[in-house]
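Labels A, B, C and D are assigned to the chains in the order they are written; within every chain, residues are numbered from 1.
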Amino acid sequence: MTIQGQLGQEQIAWRAAQDIEDGAYVNLGIGFPEKVAAYTIEGREPIFHTENGVLGFGRAPAKGEEDWDLINAGKKAITLKPGAAFFDHATSFAMIRGGHLDVAILGALQVASNGDLANWRVGDKGVPAVGGAMDLVNGAKRVAVLTDHVTKDGKPKLVEACTFPLTGVGCVTRVYTSLAVIDVDIANARFVLVEKLAHLSMDDLQSVTGAKLHVEGDVGELEVPELS
Amino acid sequence: MNKRFATAAEAVADVFDGATVMIGGFGGSGAPIELIHALIDAGPKNLTVVNNNAGNGHVGLAAMIEQGMVRKLICSFPKSKDPKAFTDRYLAGEIELELVPQGTLAERIRAGGAGIPAFYTPTAYGTELGEKKPTAEFDGKPYVQERWLKADFALVKAELGDPYGNLTYRLAARNFNPLMATAAGKTIAQVSRLVEAGGIDPEAVVTPGIFVNRLVEIANPRQEEVLNQAEARYP
Amino acid sequence: MNKRFATAAEAVADVFDGATVMIGGFGGSGAPIELIHALIDAGPKNLTVVNNNAGNGHVGLAAMIEQGMVRKLICSFPKSKDPKAFTDRYLAGEIELELVPQGTLAERIRAGGAGIPAFYTPTAYGTELGEKKPTAEFDGKPYVQERWLKADFALVKAELGDPYGNLTYRLAARNFNPLMATAAGKTIAQVSRLVEAGGIDPEAVVTPGIFVNRLVEIANPRQEEVLNQAEARYP
Amino acid sequence: MTIQGQLGQEQIAWRAAQDIEDGAYVNLGIGFPEKVAAYTIEGREPIFHTENGVLGFGRAPAKGEEDWDLINAGKKAITLKPGAAFFDHATSFAMIRGGHLDVAILGALQVASNGDLANWRVGDKGVPAVGGAMDLVNGAKRVAVLTDHVTKDGKPKLVEACTFPLTGVGCVTRVYTSLAVIDVDIANARFVLVEKLAHLSMDDLQSVTGAKLHVEGDVGELEVPELS
């Protein structure tokens, strides 16, 4: 099944940015989740944290202006905003593990309806690398995932139980996909549909989702923003 | 982003009866006297207080104890030049004492802030302060298991603060303040000078703002030692 | 008191075959390139290296791996833009990998420096990186027990240093450096500028000198990222 | 028995200072042990640590010059030497517990021949206070004790087994007393006499010591310094 009008990565990132509150302390995972920062809502000022010891960083510097001692967890050059702070790695993960971060936004290979997340390793092949993902999912007050709704070959990424190695157990509370916004009711191990693309039927959405989508009250319309 | 509160009274207004309150300082050095006195004015009761000491004279923590606000004290060294406020109540059985070795106290608070629920330390093994605690051997050496310590509120004294809550400390007034700032639900800092964002070199920040919820500027803060030499009393 | 060594070569001369060596930095930021290259010149073998990463390109840690000096790597993220040095040897079974979540790696090193033999963390519980480790429940939540990590030597990169070994760090080049400085038998720091005693404000010291054994001044240190963009190789 | 020519506290502190090496990191306990700093040997530069977060402090300031944010563990005003550093309490005890301090010098109520130390509490009466003593005895590379050889009423302070509550188990390695310098062979639970006052017989010394004093090789002469 080919679904028309799916959100692209930028649009998914835009949607996730709508839920970030003013003053929130936010860690964005390497790659796709980094895009969320660009869609910060006017009038709100989230403070971005990077594992390697910076709070309050801003956009990338102009090309040629990089200082390679000033990078983010993805090893990309960054700049500082007024009110930034540097600290060592133990303090950085004290912020994470100690529950001081409001939001962590990560990518996913699979998310299960019990909140389990798999996002660090496909199988036994190649070089495994975990970085700070396992700390983030166990520490942030809210753990959100950005992902295409299905894999490149059309398999569900939202599943009953993860088959890939886990990053964390019962940790994801909201998933932003190319088709929908879905909350995870961890206590009851179920997905609860929050928003979906207007033109997409419940049956079609369910058919590309690997676990039952529950509905409580109204399902909102997932906005398709026009991004320049 | 502006964590500034106009007055110490507003900053501590929601400290509730029965709360656990960490108070920074080592003796008078780094003791947030104005926040403590604002808390005395507010008057919550049955508090559990975490501090290295138990007050000196009749100001600050000693005055809180005299006002009968403190049900339990968690500290390492409840002695001072003039420890009467605590001593009288302790000997009368009116205040509970949990005595913790100083390094274990510091580490328990740090663990609370860092999401480490328990750790092992050699400190107090084989002593009465290590009794009744789980023990374990690592590489042939015995250790005591200690639990994290967290609080509902932390009152800390800092030197510079900015609107984001970034803090620096003056001289040895640092001590427990940066640890306690990390381990409380609400961390309330009195700063001697509130500067604008960018007014603290990011490399010089000691407590990053993520750990701080509220800031009150108290220019020229009082020093417990100086107050005691003047035989001050609060209220 | 003067911990200064004249050259990087002298400072790393006693790193022995089979030693455990912590190397500071996060990617190229804070990587002590000159100390690493001096170590390559010295050529000890069978090293266990602790670093967040596994090198990038053909300088620094990647070059150490290419020289066959590293028997085992303890890290969180052995990937980079050009991870060939590690990847080839890892896939050929020529190098052992202990993969540790980044926060656990930081905390294990910090614990090594702080005399905490073990601690509990929620990180990795229920995952394959938490397997075979002791677990325990605290307040109804499950945790994994992790052990301290110590080294024979730590190579760190700092900005300012004084003869007592006090250090500051530049921007985000701080990262693992201050932790590793505490957790090694011998901590060797390259500093971009060696100042005289009193040249660092005591309030601005990030690593107090007690943790540092040796200092080498390397003015205008090379940056791994810049070297890699120039496709540099060592030796 | 009254023994003539015993060392006073200043003289005991002087003797302990002879064993502090150049560049050693040293923590001196509150009170009597603090006196050791005054007898630092010319040409040696120990670095003094205080639990409340200072390395590299110097003498007390002149009266009236005190800054009460700059104090030691005994809450006495101090001054800084060039190369000093401030740090928080967790870092301070990381230095202690992590084995970074070379020497801790403490007072004692009792020291046992197995190295056990009792120095924080006499009994169940009064207000107990422990401070950093239990951390120091478990962390410093070398734990030394300064003490009068006997109590005020003449009872031995060097004993077979401590009867007062312990500060630490098997931790003290050397004791400086008013009569002698005694090493503790912790592994074999025995006191080994290093030096004694020249005019004091072995029998007289043993008679005021609560556990057997072993002798290995020569016993040195405990110097009686003339201190101004």
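Just a few scattered comments:
What we mean here is this: contacts are C-beta pairs under 8 Å (C-beta built on N, C-alpha and C of every residue); 3 or more make two chains touch, one makes a residue touch a chain.
Only a predicted model underlies this, so the values are computations on that prediction, with no experimental measurement involved.
Among the pairs A-C and C-D, the greater number of C-beta contacts is found at A-C.
Centroids of chain A and chain C (each the mean of its C-alpha atoms) stand 30 Å apart. Inter-chain centre distance (chain A to chain D, centres taken as mean C-alpha positions): 57 Å. Between the CA-based centres of chain B and chain C the separation comes to 34 Å, rounded to the whole angstrom.
Between chain C and chain D, the centres computed from C-alpha atoms are 36 Å apart.
Residues of chain B found to touch two or more other chains are 107, 110, 114-116, 121-122, 169-171, 202-203. The set of chain D residues touching two or more other chains comprises 54, 86-87, 90, 93, 96-97, 138-139. Judged by the touch criterion defined above, the protein chains form a pattern that is neither an open path, a ring nor a star, and not fully connected either. Annotation, chain-chain contacts: A-B, A-C, B-C, B-D, C-D (touch as defined at the top). Against chain C, the residues of chain D that register as touching in their complex are 22-23, 25, 45, 47, 49, 54-56, 80-87, 90-91, 93-101, 138-139. Put simply, chain B touches chain A in their complex at residues 1, 110, 112-116, 162-164, 166, 182-183, 196-198, 200, 202-203, 205, 208-211. Chain C meets chain B in the complex at residues 107, 111, 114-122, 136, 138-139, 141, 143, 147, 168-171, 202-204.
Those residues of chain B whose C-beta lies close enough to touch chain D in the complex are 26-30, 52, 54, 76-81, 83, 86-87, 90-91, 97, 99-104, 106-107, 109-110, 121-129, 169-179, 206, 223-226. Residues of chain A that touch chain C in their complex: 50-54, 67-71, 75, 86-90, 92-93, 96-97, 116, 126-135, 138-139, 165-169.
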